[in-house]
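One chain, chain A, links the two complexes that follow: it is found with chain B in the first and with chain C in the second.
Take a look at the complex of A and B:
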């Protein structure tokens, strides 16, 4: 499973890294972020590319599991 | 123009997006003493765009300050944007800027030519506004910042508050939205060459033209749309006026590709700060998420939001369309209802 660690990165970098990762058309991907804006932005990006997103939150850390719908 | 420093790489949040959120700000200022002076017509107790102080029955001073980190890489353009934005607060009060002081923060390593270009950009806009830069203050700082303290004049009976709108007023917005989203897309290197140009042209357009039209009509409230977004600034206007607004979302112009970028999550963090603050007071209806997001986009050097008497609305619209063609007629002020803003 591919993991994109975007913690500590400011917007739009988490979306840019996620975009780079999904370019090859992979069907599953995990993205780690540590800001609400990054969580929301990656969620929007994933939806726009046809991925379903499951979010797990631990404190300020979010684990986003992207799965091609 | 290419420069040795990429200015926007030095700042984490750019332009008015760097603004402290409205919620945080009101907490910070909550316990400050407010002085009473009969000549102080607008002070910071009303969170307006600038303070207004009566000097005589014919003359009041308008005083404001604004500065922020770079939103574009070209230092001359950044200087122009920062100055246009700082001058805008005086126009939002219906005043005319007269004197300006530079506020400058620069890294020691910043090339002298870039600093000079930044100042020259600011000077060009102050000159265009018919005002004079009479001095300033500069300090070293890791992140460059530039802006102005501006003093202007207005008639003490004829300045614009950001509240005081009346039921039935027509709402105008004089610049399209989406500057924050477009500059975020640019940081993500998603823009083609030239796609940022229209945003830059808007950010460097003085709100003088809009102000000069507005002063001929019965304007009841006016503010400039900056870091708190259209929703945040409109909320301030409606809450201050104790009324609500009905906004024709379809009449609002977004810059090209803004909704496309919003849809793919290229939103500045300020969108979420603004949304968290204003959303409880906004009835968003069933509009697409990308449109709702874009309405919370922090603007840098945005347009004026004007509430004008309905009898003057058509005439003001004609005048504005002639001198500020980006103007949009976006809604009306209605009786106070459960929410402060209704998007339709």
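Take a look at the complex of A and C:
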């Protein structure tokens, strides 16, 4: 599965990278982030593009699992 | 209403009311808040520049940094981070400050000026949006200042501690600092009120991720309109407030701390918009991120302070009479610098 590592990146980069990945119509994608703002922004973006998002916290990092609904 | 929109709009309304109140209590016209102007005044208070009319240790900024820090700590979002091209950010921050002081205000003050009926600020707003658009083209093209990494608690606390110590010193040892006797630097709300309002606004901005650049940027890049609600809320609140207070004055001429040179109002704010997109947020957002322990943002805020000193030491800042030749040259150089920064920081997708 494709993984977008957006940890340590300031907005809008985590969303830009997610956007680039979903452009190919990918059905499943994992995005790694480490900031609340990035988590919220990527989640909101993914939802607007029809992906269901599951969030898992591991220490200071978040793993966002995007799945085309 | 979505929870995010609620927080963003609430922040916008509170910023608008706070700005009106601070102006009534003594801050300069349409300058209840201005990150650029206030850091410029602070830079003057620290004698980094000697423009006698703009020297004052502004409590609002200190309050915002500490308000953001307190709320971030309570919500477990205080995460020291740093190392994302700090020196490049420092340079971009100087360029952004040049643009802001040629226009005479950061994006937040631009909004407050629009809310006061200052039509020059509308010209600035158009330039700001144009600049943001150029910035988004670079972001789409793979621009990145690379990732930040976790840092120690100490690293994250350095700027908040410096801000708090300077604030305390300015109250208890005022003779150490420069303070304007006339001009905008001499106009200010009572210290404790300004500090308290800063704390509240800083905390709210931390919760809502309020950012004047994100408003247009996210709409352009992702069709995400949520932050625009906050942007609109600030302007609507200040228009209504100024109308009620009888301070709404729709005109180009005779606006407080503003000039009427449309071209340089446009270009100054275009520089601010473009540079802020590269930085990942507007000057206000950088102050809030610095409070959350982001030392790249702390370096950026330091860059603003140094940039303000450069602006006044080398005659780059505009005055109500208009922009200076040096300022015009500096804006042109700023566009060259942002282009170079863009070209040299692209990552292949």
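Observations on the structure shown:
To be clear about the criterion, the second predicted complex is superposed on the first by the 69 of 69 C-alpha atoms of A that agree within 3 Å, B and C clash if a C-alpha of one lies under 4 Å from a C-alpha of the other, contacts with A are read in each partner's own complex, and residues count from 1 in each chain.
As a convention for this text, contacts are C-beta pairs under 8 Å (C-beta built on N, C-alpha and C of every residue); 3 or more make two chains touch, one makes a residue touch a chain.
Fair warning: this is a prediction, and the values are worked out from it, not measured in the lab.
With chain A as the common reference, the superposed partners chain B and chain C clash.
In the superposition on chain A, A:12 makes contact with both chain B and chain C. Applying the stated contact rule after C-alpha superposition, one finds that A:34 touches chain C and leaves chain B untouched. Of the two partner chains placed by the overlay, only chain C lies in contact with A:20; chain B stays clear of it. With both structures placed on the common chain, the touch criterion links A:45 to chain B and to chain C. Note on the chain A alignment: of 3-11, 75-83, 147-155 or 165-173, the part of chain C that runs into chain B is 3-11. Residues 10-13, 15-16, 35-37, 40-41, 44-45, 48 of chain A contact both chain B in one complex and chain C in the other. Across the complex, chain A meets chain C through its residues 7-13, 15-16, 19-20, 34-37, 40-41, 44-45, 48, 60. If you check the complex, the residues on chain A that touch chain B are 10-13, 15-16, 35-37, 40-46, 48-49. Those residues of chain C that touch chain A in the complex are listed here as 4, 75, 77, 79, 81, 83-84, 139-140, 144-145, 147-150, 209, 211, 214, 217-218, 221-224, 226, 279-281, 289, 296, 349.
The touching residues of chain B, counted against chain A in their complex, run 12-13, 184-185, 187-189, 262-269, 271-272, 289, 293.
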